[in-house]
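Please find the structures below.
Two complexes follow with chain A in common, the first pairing it with chain B and the second with chain C.
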Partner chain A sequence: MLLAFFDWLATTAGSIALHESLHAYRIVSTVHVVTLSLFVGTASLLDLRLLGATLRSVPVSEVARRLRPWTMAGFALMIASGALLFYANPSPRYQNLFFRVKMAMLVAAGINAWLFHRQVFPRVADWDSDPVPPRRARMAGGLALALWAAMIVSGRMIAYDWFDCSRQPQSALVNLLQGCRTESH
Partner chain B sequence: MSLLPFFEWCENADLIVAMRSSLWLFPAIESLHLLGLAMIGGALLVVDLRLLGFGLRRQPVATLARDAEPWLLGSLGVMLPTGVLLFMSSAVKCYYLPVFWLKMATLLTALAFTFSIRRRVAMAVETGVHPGRARVVGSASISLWLIVAIAGRFVGLP
Partner chain C sequence: MRRTMTFVGVAVVGIGILLATVPAVAHHAFAAAFDDKKPINLQGKVTKVELVNPHSWIWMDVTGKDGKVVNWGIEGGPPSNLFRNGITKGSLPVGTEIKLFGYQAKSGEPRGVGVFVEYLDGRKVFMGGSAPGANGAGAAAAGTNGAGAAAAKP
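So, the complex of A and B:
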């Protein structure tokens, strides 16, 4: 089971070192937060263009193509630093309600991007220079923006211990959603 | 005269005391500050990368600067008030924190630079600004704002 694996992961030397270190953890968390402005910043520009809210005179395909390497670089840094932050505290993160919400949003954002690139973007030539793209493109852009915002907010909330498994009693729903090990089990 | 009494007053202002007694208000303000950080990144980078010769290279810098401006002002409109509230809630800690003073000094420099030199160069590039000069302005902008962001993160750390 995953929780047993994360309990084991927490006993590995690297996890303990990162958990105990002051500077390494601070640097990794700083990279994670500051890269937000590269990753979500450049991704949002494309989403806002899809909504017709900015760069209306620039073809959509040009915005997508030219910003992609920067968004991808930001994404790689986000995932790498995020994985390290998780590695420093595996089980508490895994059982954190906000962390689970954030991961669900990440999956939803991935599906939204995949559907967009499969179903909407291939026909971009038909509306590339339209100041306001068609409805399907606007929906993908708007949904992406909402999901980024939800990810940022839930990510910030991970630091708050309101729903920690160790702070019982919690409601049955919270315990279920986080997979807390409760006494009755 | 020491600024410390002012910082102590900030921390004990009625508004801040009320904010501290709320469970969710402080995290909500932190979240807004982060949402602003994401937005300001896009609004700054689209112009700075172009000044450096990357990103939307085929577009005139002035077009990008004009399109980015409302988003830049909007994100500052979110970040500055939320930042003031976050500062006030732990003003005395900030007073003794060198990285807080570094952030404030760099922030004022970055704001002054962005709305004077950077704006003038971005708006004038097609009328003949040396690409070398555009690159200097782009790197200066990225460096200044990056220091503000990194120092800001360190102010917030426990």
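So, the complex of A and C:
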């Protein structure tokens, strides 16, 4: 169902223009890498502050407030350029194991950030100037660092076609996880 | 302790950024998927040309010594590289007889990465991908042509 939609998406003018483009695709992928560096780079500074590893004399809320515009801008551009890259090759990405892992990491990191901002950050005033924040804040920071790193690594791995649906036989688990169509052909 | 933690943090971010920067240079490395000790020298008919980012593919039917037809998929560079080297959407219509020099996939499947396409009139077009010499420049190309020629001998 979704796959049929992505197959159709690849036949739209914008997708064709992107995947057949001489320059647009590389420009978009470069923007993606640069902006994800900006996003993960600035987000990591806050995470490291939450771990008590850096900027320990600066209040946590101050670090968060000053980095936020950069983190948000990086995130917005990373998502927009990433969406374009997906749009260029929808079905191959959708059926790529590493792409799926990357999306899972993105969702997990999003939940982690959401829980942090909902449950931990509202009480930042209690520990704002502590060199080493309380355990829950440290956990959120550490988890975020790990999840973003895993996201970047799995994103990088998308380029390797070891598990491509077109390369059968693959293990049943791989086919299941990627949603490969194996019955026909 | 603090300095060590800071260093670890910087290293984590640094490695992440490094890993992330690689695709801007090359989508994936030659050595990860292809074997430089398995040069291939194919001749057959084009069945499909996918001039797409991030990698182009030329698919061709090759008749083996046993008479069996095998469909090979050969990876090339992105459309911009092929365009620069002279391959456009219309230059390899389905059914065109070509020779193709490259390196086979490590997995041993009928897949590989192309160094150059050779038309039967002798014209060569480099495939602009990750294979050594695929951009047709200088010494690398000469070396690869040597390998290709060696492989070409039956």
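Here, the second predicted complex is superposed on the first by the 183 of 185 C-alpha atoms of A that agree within 3 Å, B and C clash if a C-alpha of one lies under 4 Å from a C-alpha of the other, contacts with A are read in each partner's own complex, and residues count from 1 in each chain.
Definition applied: contacts are C-beta pairs under 8 Å (C-beta built on N, C-alpha and C of every residue); 3 or more make two chains touch, one makes a residue touch a chain.
Predicted model, so just to flag it, every value in this text is computed and none were measured.
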| Between chain B (first) and chain C (second), which, if any, makes contact with A:Ser57: first, second, both or neither? | first
| query | Which partner does A:Val174 reach: the first (chain B), the second (chain C), both, or neither? | reply | neither
| Thinking of the overlay built on chain A, is A:Met103 touched by chain B (first), by chain C (second), by both, or by neither? | neither
| request: Please work out whether A:Leu77 is in contact with chain B alone, chain C alone, both, or neither, and reply first, second, both or neither. | output: neither
| Who does A:Leu115 touch here: chain B (first), chain C (second), both, or neither? | neither
| task | Give one of first, second, both or neither to describe whether A:His19 is in contact with chain B, with chain C, with both, or with none. | result | second
| First (chain B), second (chain C), both or neither touched by A:Leu67 | first
| message | Tell me the contact category for A:Met139 with respect to chain B and chain C: first, second, both or neither. | response | neither
| Touching both chain B and chain C, residues of chain A | 26, 29-30, 33, 36-37, 40-41, 44, 48, 54, 56, 148-149, 152-153, 155-156, 160
| message | Show me the residue ranges of chain C that touch chain A in the complex, using the header's touch definition. | response | 2, 5-6, 8-9, 12-13, 16-17, 19-24, 27-28, 32-33, 51-54, 78-80, 83, 89, 107, 109
| said: Per the contact definition, I'd like the list of chain A residues that touch chain C in the complex. | reply: 18-23, 25-26, 29-30, 33, 36-37, 40-41, 44, 48, 51-54, 56, 88-89, 145, 148-149, 152-153, 155-156, 159-161, 167
| query | Which of the residues in chain B come into contact with chain A in the complex? | reply | 23, 27, 30-31, 34-35, 37-46, 49, 54-59, 63-64, 67-68, 70-71, 146, 149-150, 153-154, 157
| query | Where on chain A is chain B touching in the complex? | reply | 26, 29-30, 33-34, 36-38, 40-45, 48, 54-58, 62-63, 66-67, 70, 148-149, 152-153, 155-157, 160, 162
